[in-house]
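Next come two complexes built around subunit A: one with subunit B, the other with subunit C.
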Partner chain A sequence: MTNRSKLKQLILDVFLLSEEEYSLNLKREDIQTWDSLGVVSMAVGIQETFGYHLRPEQATAIASVSDIIQVLTENGVHFDV
Partner chain B sequence: MSDQVVVPWDSVCQLPMGGTIAWTLPSLSATLSTVLPYPVLTAPGTPSPGIPRLVVVGGGSLIDHAKLWKRQQSPTTWLCAVPSLWGSGAEASSVAVETRGGQKVPFMDATLLPDARSCFPTLADTVPPDYAFWGFGDVWAHALEGFLSPLSSDELRQEFATLLADLLAMPLVPSAAWFELSARACDLQSRSGVGLIHGIAHELEPRLHGYGHARLCTALLWPVFRFNASRSPKVETLCTSFGVSMDAVGERLQSLFREADFYAILPSMVEHWGLMIRNPLSRINCAVARPDAISYFQRREFAS
Partner chain C sequence: MIQIKSEAAISAQHGLLASAWDSNESFIFTPSPCPVTDEWLRTLIRRLPSELYEDHFGILTSGSTGTPKLIMGSKYRTGELSRLINEHQQLEPVQNAILALPLPYSYSLVNQWLWAHIHGKTLHSTRGMADPQSLFRALQCHSASMLCLVGSQVPLLRRYVEPGMQFPEVLRLNFAGGPFPQAELSWLHEIFPSAIIFHNYGCTEALPRLTIRPASDFDDPMTLGAPLPGVELDIDASGGLRFRSAFGCDLIADEDHIQRVQRDEWIATGDQAERLESGHFRLLGRNSEVFKRHGEKVSLAILACSLRQAWNGELAFYLETAPDGENGHVLILSPVPGQPAVRKLLLHLREHFRRPLWPIRIEGVEAIPLSANGKPDTTTLCQLPRTQLWKQIL
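Let's turn to the complex of A and B:
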């Protein structure tokens, strides 16, 4: 499973979305479940899936799926183009 | 730490007769009347607003009722809470739960924390065996979920680690010491968070007759702990960092596991899993509770 697929599955599971709702352009404001609890759950899931511990300020600053990819890439997690 | 005062039981017995009332359950009324010099009011009766001091002696429901009564009807009353059972920790918490039309409605407010709490050691001998057992599980659930919560801090985790060591040293036998452990677990947990055990329990409580909060938490402790450890490396990391023996904890949780209870609730878990993973408490679990995670419990993977 590629990191891109892992991230997609994580986003679906954490924010309780269907396949059709997912896209790389997804933003926090588009997802009702990306609330403060969703931020906590996403941080837990990122550590579980990619082994990277988001600092609280990083977790709250992330506003889109592409932001997640950027933070993880900057911290050594590779995403296929 | 909270501003709550811990009052020795002897001092509770010496509160002034004038202006003090004890409020308790019918089953405890006779016992209290022999040791307290002031009037003992029995629920469902309700104290008159404005009394200077109220000593509530009972389980979590009556203590929560007294906390809400004080906030809504008698804010100047000095409230001392004395638990008749360990587990809920209502005496040490600023949360109160009211049942409205079969649904539990939680309230959280600093004014809900009783001014004082005390322990009447004799009551440890009056707890029915099943309730005592489920109460042990409830205390463990607060301590463990609070320790592992992603909302906890290192400072709090250090306090949780001390509590977990004390719990491991404590046999699963009724004793007055459980009242203090229960209050400590609840106080600490109220400053961090809970998780999937409570998320599942809160969804099942209104749906399963005969399975109260403590019984559900006890049935879920071992399976959910194993689930969390299998999904999140953080469980082992935190235990190692804070000197908590996962083996010792696991062994104790197994001794609290009653297979029949777990398998009695499993069909409802399967049916309502979608609601359970949407529960706010499940969403702050230390491992992500995903839609397919129910299969972990169905396949009994925690036992392997």
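Let's turn to the complex of A and C:
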């Protein structure tokens, strides 16, 4: 499973999205379930899936799926183009 | 005081029950298998107030606590309740009661056996969903009948009723003793085309009826009908639903305590509820099925009702402490669904419930084990191999 697929599955499971709703352009404001508990859940999921521990300020600053990819890429997690 | 033991050949007991009911002597009707020993019962009987040795009857229940309790009530006042039920459900045209639940349940005993006894109707025993074909034959053979079920029997009914099968002789169909099967209401009207379907609420301590309403009165299965005349409902400080009833029990006794119930005394139903602006009461579930998670009240009964809109199979819950240290619930589905069905349920959860109300996991099993009263047996369930279908990341 590629990191891109892992991230997609994580986002679907954390925010309870359908496959059709998912895209790299997905923003926090588009998802009602991206609430404060959702932020915590996402941070734990990123740690479990990619081994990277998001600091609280990083987790709350993330506003889109693209932001997650950027943070992870900057911290050594590679995503296929 | 005599003890009548329920046997498999229930029909043989009708005469025995009738004699006991019509005599002045009190009796206790025990189920089979009986959760207590004869010695347990004899010891308790010796401690009962002497005035209960006449004109009363007793049944055993474990209620929401799992501890066996003896509930005793007045034959006269329970008879009055049966007449009230007859009036509220307009049961005059009904000639036959078809028994599909164990007779020692207060629901079967009062709504069916006693009703038939008092009003000169005929009671027909079946083994219920343990032998669906004999139940179906009874429903087809006996005209103008009344059937009492619990909601957890409906999935079994669905499994055994063949396409096109109908039971037009059933004129009244009662549900009590658990969540009302609202999601199956249309289907129930199809197979019982002549029946008025009733949503009843009560408990053994009430012997047993507190409210009766036609199912068509509300779309929400958790909303109760108005209390019967002589019955009051209220909510206590901890959100528990309680009642006072002119027809309720006179005594609640277990191994350690004997509680003599006064007519003006509030008795806990074992359920949590809220009062709606309309004045009606809305159930939230059994005390053990309502808990707080991240400060939000979770009602497993309400969750189950809602999830049935997105899942046609069977479902159950068990409780577990979540990895975040909070109380949590695990949703069990049967048969084991594929990912599209799981995703449909997840979308339903997202649409209707906030995150604290989501299960901490969804698991699948081949079949959900049921206890003798048709409710999910969560103890056995937790020992079965289960397939994890989704988990909440906590």
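One rule holds for everything that comes next: the second predicted complex is superposed on the first by the 81 of 81 C-alpha atoms of A that agree within 3 Å, B and C clash if a C-alpha of one lies under 4 Å from a C-alpha of the other, contacts with A are read in each partner's own complex, and residues count from 1 in each chain.
Simple rule for what comes next: a residue touches a chain if its C-beta (ideal position, glycine included) is under 8 Å from a C-beta of that chain, and two chains touch if they have at least 3 such contacts.
Note that the structure is predicted; figures quoted are calculated from it, not measured.
Q: With subunit A superposed, do subunit B and subunit C clash or fit?
A: Overlaying the two complexes on subunit A (C-alpha atoms) leaves subunit C and subunit B clashing.
Q: Using the touch criterion from the header, give the chain among subunit B and subunit C with more contacted residues in subunit A.
A: C
Q: Scan A:L37 for contacts with subunit B and subunit C and give back first, second, both or neither.
A: After superposition on chain A, A:L37 lies in contact with both partners, subunit B and subunit C.
Q: Could you look at A:G45 and tell me whether it touches subunit B, subunit C, both or neither (first, second, both, neither)?
A: Both subunit B and subunit C are touched by A:G45.
Q: So, A:V14: does it touch subunit B (first), subunit C (second), both, or neither?
A: It touches subunit B and subunit C both.
Q: Where does subunit B run into subunit C after the fit on chain A, at 95-103, 113-121 or 167-175?
A: 95-103
Q: Kindly list the residues of subunit A that each of subunit B and subunit C touches, one partner per complex.
A: Common interface on subunit A, subunit B vs subunit C: 10, 13-14, 16, 37-38, 41, 44-45, 48.
Q: Can you tell me which positions in subunit A touch subunit B when the two form their complex?
A: Touch list, subunit A to subunit B: 10, 13-14, 16, 37-38, 40-41, 43-45, 47-48, 51.
Q: Show me the residue ranges of subunit B that touch subunit A in the complex, using the header's touch definition.
A: Against subunit A, the touching part of subunit B is residues 150-151, 231-234, 277-278, 280, 283-288, 290-291.
Q: Of all residues in subunit C, which touch subunit A in the complex?
A: Checking each residue of subunit C against subunit A gives 294, 343, 346-347, 349-350, 355-356, 358, 390-394.
Q: Looking at the complex, which residues from subunit A come into contact with subunit C?
A: These residues of subunit A touch subunit C: 10, 12-19, 32-33, 35, 37-38, 41-42, 44-45, 48.
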